[in-house]
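Heads up, the thing below is written out as structure tokens.
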Amino acid sequence: MFVEKIVSEGLAHNSYIVGDYTEALVVDPKRDVDSYIDVADSKCCRIRFVFETHRNEDYLIGSRELEHLTGCRIIHGGHLDFGYGEPAREGDIFNIGRLMLKVLETPGHTPESLSYLLYPPSKEDIPWVVFTGDALFYGDVGRTDLRGEEMKSELASTLYDSLHEKLMPLGEHTIVYPAHGAGSSCGGNISDLAVSTIGYERATNPMLSLSREEFIEKKKMENIPIPLYFKMMHEQNQRGPALINIKRAEPMDAFMFAEAIPDCITIDTRSPLSFASGHIKGSYNIWMEGMAKFPGWILEYEKDILLITERQEDVETARRYLARIGFDDIRGSLCKGIEDWQNRGMPLEQSGVYTVADLYERLKERKDMFLLDVREKGEYASGHIPGAINIYVGELERRLQEVPSVQPIVSICSAGNRSGLAASILKRRGYRQVYNLIGGTTAWKEKSYPTEKQE
Amino acid sequence: MFVEKIVSEGLAHNSYIVGDYTEALVVDPKRDVDSYIDVADSKCCRIRFVFETHRNEDYLIGSRELEHLTGCRIIHGGHLDFGYGEPAREGDIFNIGRLMLKVLETPGHTPESLSYLLYPPSKEDIPWVVFTGDALFYGDVGRTDLRGEEMKSELASTLYDSLHEKLMPLGEHTIVYPAHGAGSSCGGNISDLAVSTIGYERATNPMLSLSREEFIEKKKMENIPIPLYFKMMHEQNQRGPALINIKRAEPMDAFMFAEAIPDCITIDTRSPLSFASGHIKGSYNIWMEGMAKFPGWILEYEKDILLITERQEDVETARRYLARIGFDDIRGSLCKGIEDWQNRGMPLEQSGVYTVADLYERLKERKDMFLLDVREKGEYASGHIPGAINIYVGELERRLQEVPSVQPIVSICSAGNRSGLAASILKRRGYRQVYNLIGGTTAWKEKSYPTEKQE
Amino acid sequence: MFVEKIVSEGLAHNSYIVGDYTEALVVDPKRDVDSYIDVADSKCCRIRFVFETHRNEDYLIGSRELEHLTGCRIIHGGHLDFGYGEPAREGDIFNIGRLMLKVLETPGHTPESLSYLLYPPSKEDIPWVVFTGDALFYGDVGRTDLRGEEMKSELASTLYDSLHEKLMPLGEHTIVYPAHGAGSSCGGNISDLAVSTIGYERATNPMLSLSREEFIEKKKMENIPIPLYFKMMHEQNQRGPALINIKRAEPMDAFMFAEAIPDCITIDTRSPLSFASGHIKGSYNIWMEGMAKFPGWILEYEKDILLITERQEDVETARRYLARIGFDDIRGSLCKGIEDWQNRGMPLEQSGVYTVADLYERLKERKDMFLLDVREKGEYASGHIPGAINIYVGELERRLQEVPSVQPIVSICSAGNRSGLAASILKRRGYRQVYNLIGGTTAWKEKSYPTEKQE
Amino acid sequence: MFVEKIVSEGLAHNSYIVGDYTEALVVDPKRDVDSYIDVADSKCCRIRFVFETHRNEDYLIGSRELEHLTGCRIIHGGHLDFGYGEPAREGDIFNIGRLMLKVLETPGHTPESLSYLLYPPSKEDIPWVVFTGDALFYGDVGRTDLRGEEMKSELASTLYDSLHEKLMPLGEHTIVYPAHGAGSSCGGNISDLAVSTIGYERATNPMLSLSREEFIEKKKMENIPIPLYFKMMHEQNQRGPALINIKRAEPMDAFMFAEAIPDCITIDTRSPLSFASGHIKGSYNIWMEGMAKFPGWILEYEKDILLITERQEDVETARRYLARIGFDDIRGSLCKGIEDWQNRGMPLEQSGVYTVADLYERLKERKDMFLLDVREKGEYASGHIPGAINIYVGELERRLQEVPSVQPIVSICSAGNRSGLAASILKRRGYRQVYNLIGGTTAWKEKSYPTEKQE
């Protein structure tokens, strides 16, 4: 018997593969499904089922890929009209090897959300493991705001019931495997705990100690960004995502690359420090881990993508990250890197960089700097550099009218990556004096420089 | 934060590496410690501590290897006089990153056994994870027979207290990480559950529902083989095992190999089927997974080892398995395999093979077959082929006077591997008509042929 | 600049990838083209061309796979009507990076055979490397018998001209990269030299020191088996092989496997020793390396294949080998190995094994043994066990009327693998007393037992 | 039979492993010898011999490592008094498997230089392959200047004889395997040809078409930098280098790293672009490939080394590169990268970057820029930016008195890496206005900006 967690890095999405004897099941697969196939093959198991906990919003589900490759069945919530797979209802039972899996309806995050209980052989009266999807995380619970403001309270109330009437009664001993970990866009305060149980969550998860009213109030107040690509994801996940159409990113030299630029969107995945010293005009700077989700905020699905990476092997990683959120059309990559471009004397742009100490000194002298804090609202509220204005990086390109074009602009996040992306957005839109604050508010606070909290 | 379980295959020994920020700890490391170093490096952590749950018997502990390579501290039970490391007592506290680890004395399996509690940051009042060593397994508890018959009851009583007064009170929610899984020589009925909790064990572990008297009675009745090498292991583990002295197994052609044979012990790790069709006189047949522990029953520590493997890469695996239980002196391997030997016309021996159907038919006709069941006593008792005599494979070479030399002998286990080893022992000791029953009692029962249970 | 040789193991087929700056070319690609893509990607090169030296007979060419994946151009001989690619003629020139490639027509093996000359930058007057396809090997030359007996002399004469008027004049210094190495079905005496030159071949290749008449005579006398699948290969290679349709070999347990057997052909890739001790009725025993070509002698293209392997990872290797010669339909594999089958008590057959010493002794006593030598004619002629009859393993199943059904049969090759395959053929066709001679004639000769040469 | 070339990247050092049957030999091993062991193991060969072509200057030889691990014999030139191994003389013969190796004395580069001829079985009259060490390269010949100016002519004359009386007579067909490829410090104009022969070299190598007088004259004029670490290398290589003492580079967080800095030398292997945007004061910037040799110009052997890398896996690569040239003492690495440092607000320095277009424009306006060309003399002579002063990067730190401290300095090489190292040297020595020209003279020439050649 085995249970393996397979994480989509960057997305902080957890999927699981469970096997016994010669059969396996997968919970919430990512779209690049080779990891599951590899595990199943190494254990000599056939993948018999995919179980979806809900219609996911933050990535394309790999269910149909697995169905295509293995002939497995796909199970999901019966309260939504999916374009593929089979609906399941409370109490439905499935078996792989000697294991039994039972369906538990736990609506709230979405109306059709399911949890799945797992029982070892001859222990069918006491739940062993529960896959909770986006109902219950470690240290947090699922979002209830994705259906719009008006539904927030109702969904929060439903979720409260699912938590307290369905999940808590499973018993303190039950092991909890949720769909997301710390850093996910699907929760605000998910902890980075490695594993947890119903009992440990009951004792430590702040959302579980609230009364129904407090819980609903808290969820109503919640303000987490909704990435723009979520809409595309949930539409496709309901219909059934297209099978990945493997196309190789063509290795290009600088001349080929230059020719392709006008038709494509160019993404530069190098570090913000490298980018600042020299980059191709018009390119977005998205650091590697950020590639897992920020393209979904920034890019249009219609355009082909060109990649500039620090190393050749990053192209494949970027390709996977992009495919997970539905960007399949990578036209090519600058295969010998920015050096190939620079050594041919082709034009490079530069942008500025501030350390926190430099900025601190500079601010004493000049008053004309526009401090642009691109973190999430909640981060901004909890402490920012005095005078900084907040526009979330994911919304920046659509709110440029709020950014003055004549002042020097200092782009700020918590470290330097999101602010690097923001700086690249400003540069490609023609802003000339753009500085990235490296170390960001984290370094600023480490130095004990003054901050403001939002009133 | 991360927690990874690292299993010594074959031994079913679990070790763990836990890390947070830039620090890590290891619980009960195996002797080939590169796995821990690799995990720590990939997470950018320094290994700060090794925690031993007890003086292990079934493998050499890797603590001093890690100390040598990383400068980490070694912690173990204060109630035994170890030749290295530092003693810890109930309530002692250690920190890595933001995590806190607390010592819990849980004697019984050994007098100095410790469990270790782990607490995430700012949750120091509620235990999250407990490493239970050989006190509590999934579905079973530790052995209390390794100090001899006379100590069995006393240790069982002590263990009962540790379980019910130390571990159960931690709370149902607490996640349990024991030192062994299914198949270990350190327990009779450990389940192959992937993960468990205090609450799940309380509900399902049969040893936890017994009264003190029943518990002690049960432990007194327990009859699990004590591998011969255990003595060597616990002596060395108390003193501190020698650092591995890496010597390469010399790749040998058939002539070199033949020259080395008289000074060495030869182990053939090919499948019992291959071995039966052709093997070098005097060699032991230990299948690859069996290499993790059966050499400890069979071999003398004084002699160098020669290896015959199905594939070249098996040599490295065998070397690791042997090193884990203290056999470091591998002289060489027959590098181009048995083919090299056979193609030079060098002498090969053969032994016989029966399928269960063949044996069943044969037994109808002939009465002179000696049926030798080499499984453990408990397995034998639960059902064997009528007329079969039980001598455990690990004791066979010392009990040969019980095996008649004139009859044909059928060697029997549950599948064909241990019986293959037994067949090779008989062959090397001069028995001529030796047959291995492939499929063993498992196949015999599948065919519904008659069995006897021990009265 | 780089030149890499990529060998199809078992087929002893050489392909080459050459690159400079950002461009690469491939000569005679195998059908599983990921190796070329990986090399090109790691060097940041686009594959611009595939050059075929001739219409290959012993494997399916990977040209169209590469074209599909990279958009490269395919070049081959202009004197044959191919269903894809572009024809080239003497003197045609192609460039990648700074390298120049020039076409040299070298007919003989086939009428449209080409060699390709490679020139480094600014050295276009002196050939550096020549890819000779099947015109010139190390120590041998190409076959001229594949068009039938009647064409042998004419083609030999043409080949003689290509060798002496086209290739020898390139100069002693020129490096030779042929399409095959030792062990290929495309030559009788190819040496296992790692690299060679025109001059070294002129000095040492016995075929190059013959007069035209001697050369033709020698080629007329040549008698190398023509594998049955060659016909299928050259037809498809002329038309353009189908793109590989990746289908996973389903991991099957013993019951599923048993159900599938009647519709499929079962291949057991374990060692002949394992096979002899226990195998499933009706299965062919083809050792792993033999999988590269012997399926082409034995199997029908219409039936799906089932695999029994020693290890799980062998399934992927077998799949590649089979795809290279056009067998794409692998239904499944016995994923937990023969142990799964045996432990369920499902029926196993056995066959016999002789060591050479045993056979030598036995032959003194019994005269009823049928000695079946399944090596190639040439091998047989150069020395066999007295009394042995020669039927090549590849033809055995079609010549069974020559094998008596009542006598014990000893299957003989040079080691034990081809004879193991022959033994399995006899077993599946109902022969009951079948013995495989392990060590074969190699061991027989090592022991200095008597042999006969063919008169 | 197999021959594999194993290249030390960055050093452009070629070593070779040759095997037949169960024996292998290695020519000129690098110090991290696991590659040879791995190849030998995978081919089931014992390494019987190391052959050194000469006392190497550019890396520490791995002979004693291999001797330690495999018990092989070490052979080198008899005309020098080595502290280990065995001397060989003209005509000495060694065998591995069926191969014969013969010693050919080819002095010139060093007095004791040997070449080694390889002969396949039963072809002992015609040389097949020659390992030429530093006597003959592809497109160039060995240096004769390492013994000082006064010896140049004499050694050149000796080398001329070795080339024309020893190597050329081997015959055009003989395959040449030299000790270095393009980019090595051991030759000025080695071509990047993948393979070559005596005949191809005779026809294309410009050094082989010279008369004795021209040859000597040419060698006398040659002016290639002699890296400072060469002295240390040849001393150790004569005595026998110490076995590598594996010490792990400790993963350090920013605080530990900061504490260690004062006692150590800090090397930052990130790209010059990253370095320019933010680096730790006092660190050298050596790009990854440059790590293979530039530490030998720059560092003192007495101090421990600290590493800052772009990625965690670079630490191991850097460790290997450093060990090859004798730097074994890596104290630690900034394990979570420069981000860890920056996010704690610890001080970062910046330096400037110019694109060629920027510099071209700037030079029109300002006349106070100090243009520092850090390429080799020969590169500088063949074309530099007007007004640039040449100080080779390897000598810069010892010639700082030639660099004015008040002007802005533009550091220039052919691309941006060596100039990045030079910029870091200037920065650590207190220069404040330092700019790295990215794209360097390559880009400058691509843009057709004016250059000067040295008179």
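Before moving on, here are some points about what is shown:
Which chain is which? They are A, B, C and D, in the order written, and residues in each are numbered from 1.
Throughout what follows, a residue touches a chain if its C-beta (ideal position, glycine included) is under 8 Å from a C-beta of that chain, and two chains touch if they have at least 3 such contacts.
Protein identities per chain, from UniProt: A, B, C, D = Rhodanese-related sulfurtransferase.
Keep in mind it's a predicted model, so treat the numbers as computed, not measured.
The chains that touch both chain A and chain C are B, D. The interface with the greater count of contacting C-beta pairs, when C-D is set against B-D, is C-D. Greatest Cα centroid separation from chain A: this falls to C. Centroids of chain C and chain D (each the mean of its C-alpha atoms) stand 42 Å apart.
As a whole-number value, the distance joining the C-alpha centres of chain B and chain D reads 50 Å.
Of all residues in chain B, none touches two or more other chains. Those residues of chain C lying in contact with chain A across their complex are 21-22, 37, 40-42, 44-46, 69-70, 248, 250-253, 312, 335-336. Of all residues in chain C, only 270-274, 276-278, 310, 338-339, 342-345, 347-348, 350, 353, 355-357, 415-416, 438-440, 442-444, 446-447 touch chain B in the complex they form.
Interface of chain D with chain C (complex): residues 1-3, 120, 123, 126, 128-129, 171-175, 191-200, 202-204.
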